[in-house]
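For reference, chains read A, B, C and D in written order, and residue numbers begin at 1 within each chain.
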Amino acid sequence: MADIPSLVRDLVVANRILAREAVVDAYGHVSVRHPDNPQRFLMATSMAPEMVEPEHIVEFNLDCTPVRDDGRPLYHERFIHGGIFEARPDVQAVVHAHSEDVLPFTIVPVPLRPVIHSGSFMGATVPVWDMADRFGENTNLLVTGMEAARDLARCLGNDNVALMRGHGFSAAARSLIEVVRMSVYVPRNARVLMNALRLSPDVKALHAGEIATRDAGYKPYSLETRRAWRYWAHKAGCAHLVPDHPVDHAHKPWGSD
Amino acid sequence: MADIPSLVRDLVVANRILAREAVVDAYGHVSVRHPDNPQRFLMATSMAPEMVEPEHIVEFNLDCTPVRDDGRPLYHERFIHGGIFEARPDVQAVVHAHSEDVLPFTIVPVPLRPVIHSGSFMGATVPVWDMADRFGENTNLLVTGMEAARDLARCLGNDNVALMRGHGFSAAARSLIEVVRMSVYVPRNARVLMNALRLSPDVKALHAGEIATRDAGYKPYSLETRRAWRYWAHKAGCAHLVPDHPVDHAHKPWGSD
Amino acid sequence: MADIPSLVRDLVVANRILAREAVVDAYGHVSVRHPDNPQRFLMATSMAPEMVEPEHIVEFNLDCTPVRDDGRPLYHERFIHGGIFEARPDVQAVVHAHSEDVLPFTIVPVPLRPVIHSGSFMGATVPVWDMADRFGENTNLLVTGMEAARDLARCLGNDNVALMRGHGFSAAARSLIEVVRMSVYVPRNARVLMNALRLSPDVKALHAGEIATRDAGYKPYSLETRRAWRYWAHKAGCAHLVPDHPVDHAHKPWGSD
Amino acid sequence: MADIPSLVRDLVVANRILAREAVVDAYGHVSVRHPDNPQRFLMATSMAPEMVEPEHIVEFNLDCTPVRDDGRPLYHERFIHGGIFEARPDVQAVVHAHSEDVLPFTIVPVPLRPVIHSGSFMGATVPVWDMADRFGENTNLLVTGMEAARDLARCLGNDNVALMRGHGFSAAARSLIEVVRMSVYVPRNARVLMNALRLSPDVKALHAGEIATRDAGYKPYSLETRRAWRYWAHKAGCAHLVPDHPVDHAHKPWGSD
């Protein structure tokens, strides 16, 4: 059995990091699949991520109903998470956010693509989902049910990040720490690309082989990754929630790979 | 009768949030119409918004004379508020600010328009008021009397936000919380639009139906909105001024709609 | 006789505000003319402005020798201040800074000009001084003697701000508070102008009459100005150095005009 | 013999300054050559620079093996430092960082060049190293061995800064304090140049003679430089690690030149 209290604590840290790094503000959310039951995932009740505490974390079924409904309000867009977990058994964690510097790429015909090494994890292609394509021009742009969520998941396909027109992005990864890292570096990559394109139309993106090599070499529980997690937690004021000798949620000690 | 102390407290929180979110600096102000007497409104005396306390809130008539003049200095541009409250019975709260990232749109022939979902509340059109059009090229650009204020209110018409050339913006809304939210997201929408236009002239703005749908669905005292208010107050260091079970100023408990 | 301890305290506050508002960093300085002896001025010894305390303020002759040389190190570029005080009897205070967002305008043939009301005090024209024009292409770009300082002052002429190619700006004003205010808003105006020019070449600058009207109406010790000073001091952590009932250094109570 | 504890303390301060000034984040590192043994250098173990303490500093041989291997994890890219120290006997300190605002210049055919006086120390030319030129398009972009490090050092040649395509920069200098200063001002110069190029293609860079004159006049232990170091340490919360009367590591009291 997985160590759920430790996973809940990591999810709290993820919320705080995303807030401190300005990936989310009052809105946006992060979830993690239940390690013992892939038909469930964990996420906070409706809360600004910076204010999430362990007691706010609840368990959801993949259709986004809470396993135990205690009447607390839930994120209207929790369906984004259910839709992606349902479609992608390989995905262990999801972030949805409205990061300001990603938004320009959701409304222009210029693709977001990785141009810096820390951005490689978004993958070579980043599709843009325009809710109007299927649901028309009179929506409120929010993903508040499984039908829209499944359409978004279809657009994401096997990629790691889908942009959402005029709204934000959703990111999917193999671990909580990886999805947080991607969510921090995708906006940075977006800023670098915007600045580069203002200097010249002739921008060198990462080579496909570089993206693939970095992807193959990524270990979410490596010491290098742990270094970033610990630092971000320190900046977010919750270093005390990061144990000195953490275990990963596949039961390996951190730093062992 | 309305709960005026609680409204005053909310107005203090609004001042602090606007300062913390860099919508205002030493200048700029926020007001709310008196819930029991639509011929009056509440606003601070002349103060940097970050430093406003409950004892600084005073009551004004719509002509911007203070109901009880105790000699404290008043904002020179308080007339903006009186002018809008006079012209627009539907408006319950007004912000005037000089937000840096909105200013470029006040001096170029490129319209500010909503391109992100959180910017939808500015409405489909955002007029630009150029004081010189009616008052000539020798003003100090400030709205320091009812004549200029009424001209600005005419320009605003039934819209939610009017830009003011070389000066800033004025926003009008159905509640204090809505006008604060709009004031935070209008500059963000401006930044996203500026960045998008640098990438491509072919920018997808929100569809008219999306703006209308979001507007129809907006509930200023919903749990979603309360989440943002609480978060911003937390960031601004005044979470203690936000009660756990607030009432709206139309006498409904928050979160009941 | 002027109240010198109170002027010294104001100069300390000016240093701290300029640091907090990112006008200066480790470098940059602010000075004020001696109110009783126009042949002298006050400025800190060589220090990062954020760390200036009253005991660091010393008195200089207009040739930038210290009135009492106690061996403490002095700013190499103090001559900028002496040169401007010498050439401009109307000037009471000077700032020299390297503000990042002003720098682009020092190296391109696009003039900095006031486009927002808070930027009006820079005046209608802002000359650019290129040290190489007179001193050749082998200088270290610093103004470390009276000859260069006098050349800079000639370029400034009767204007309020001179840009310095690849280096920064120098601002001159009728009071300490006015020069600080100008130094905060000149970079903001520069950012707005840069952003506007990226949207359209067709930018509406302030009208000459607006600049003149605002200049004529400016009162450095008005309540409106005091509001900003107090707010900036609060942000800079030195509100305790701002008295409730300050006097101006022309012996009028603040807020009396 | 050099005062190693004091050098270690300075290296800790350098780490903290680089973090506070956003030159590094969880990644990036700074090293200093051993003053008594030029075949060795000092650097932290694998840590976010903001969290480095004296006990994390270890001694390395130029091939980047630790002199005493106690099993603590080491930076994967420590070879950058060894490669530069090996090729450049004049270099006393090295920084490697991923500064966001330098990155655009690593992926476009527009050269980074000094345009502001504080940027002069990067030198007249800043080469760009593209790892793919020699190592192909399937690397992970990291310099994790001496072969890549030596290739980077060759590209650096006798310059002070080499950009690394899609990755960051490496800077080399005659002292710890100089390399920190360069690392703070290179990103600032990059921002100013980006902003200038958006205003006009006709940008005035520093003249070769200005760069040379400033370089000739630079004294890493001058009072002017000490002023910046002390200020940055103050901002980074480690002013207590900066002694009032520091010695340089060539055994001269600070401020004596």
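Going forward, contacts are C-beta pairs under 8 Å (C-beta built on N, C-alpha and C of every residue); 3 or more make two chains touch, one makes a residue touch a chain.
What you see is a predicted model, and the numbers here were worked out from it, not measured in a lab.
Asks: Look at all chain centres (mean of CA atoms) and spot the one farthest from the centre of subunit A.
Replies: C
Asks: On C-alpha atoms alone, could you tell me the rotation angle mapping subunit A onto subunit D? Nearest 5 degrees is fine.
Replies: 90
Asks: Could you give the separation in Å between the centres of subunit C and subunit D, each centre being the mean of its C-alpha atoms?
Replies: So the centre of subunit C lies 33 Å away from the centre of subunit D.
Asks: Go ahead and note the Å separation of the Cα centroids belonging to subunit B and subunit D.
Replies: 46
Asks: Quick one: which residues in subunit D touch 2 or more of the other chains?
Replies: Where subunit D meets two or more other chains at a single residue, that happens at 198.
Asks: Among all the chains shown, which pairs meet the touch rule set out at the top?
Replies: A-B, A-D, B-C, C-D
Asks: In their complex, what parts of subunit D are in touch with subunit A?
Replies: Checking each residue of subunit D against subunit A gives 25-27, 46-48, 50-51, 73, 76, 98, 100-101, 103-105, 107-110, 130, 132, 136-142, 165-167, 194, 197-198.
Asks: Applying the document's contact rule, which stretches of subunit B touch subunit A when the two form their complex?
Replies: 115-118, 120, 188, 191-192, 195-196, 198-200, 202-210, 212-214, 217, 223-224, 227-228, 230-232, 234-235, 255
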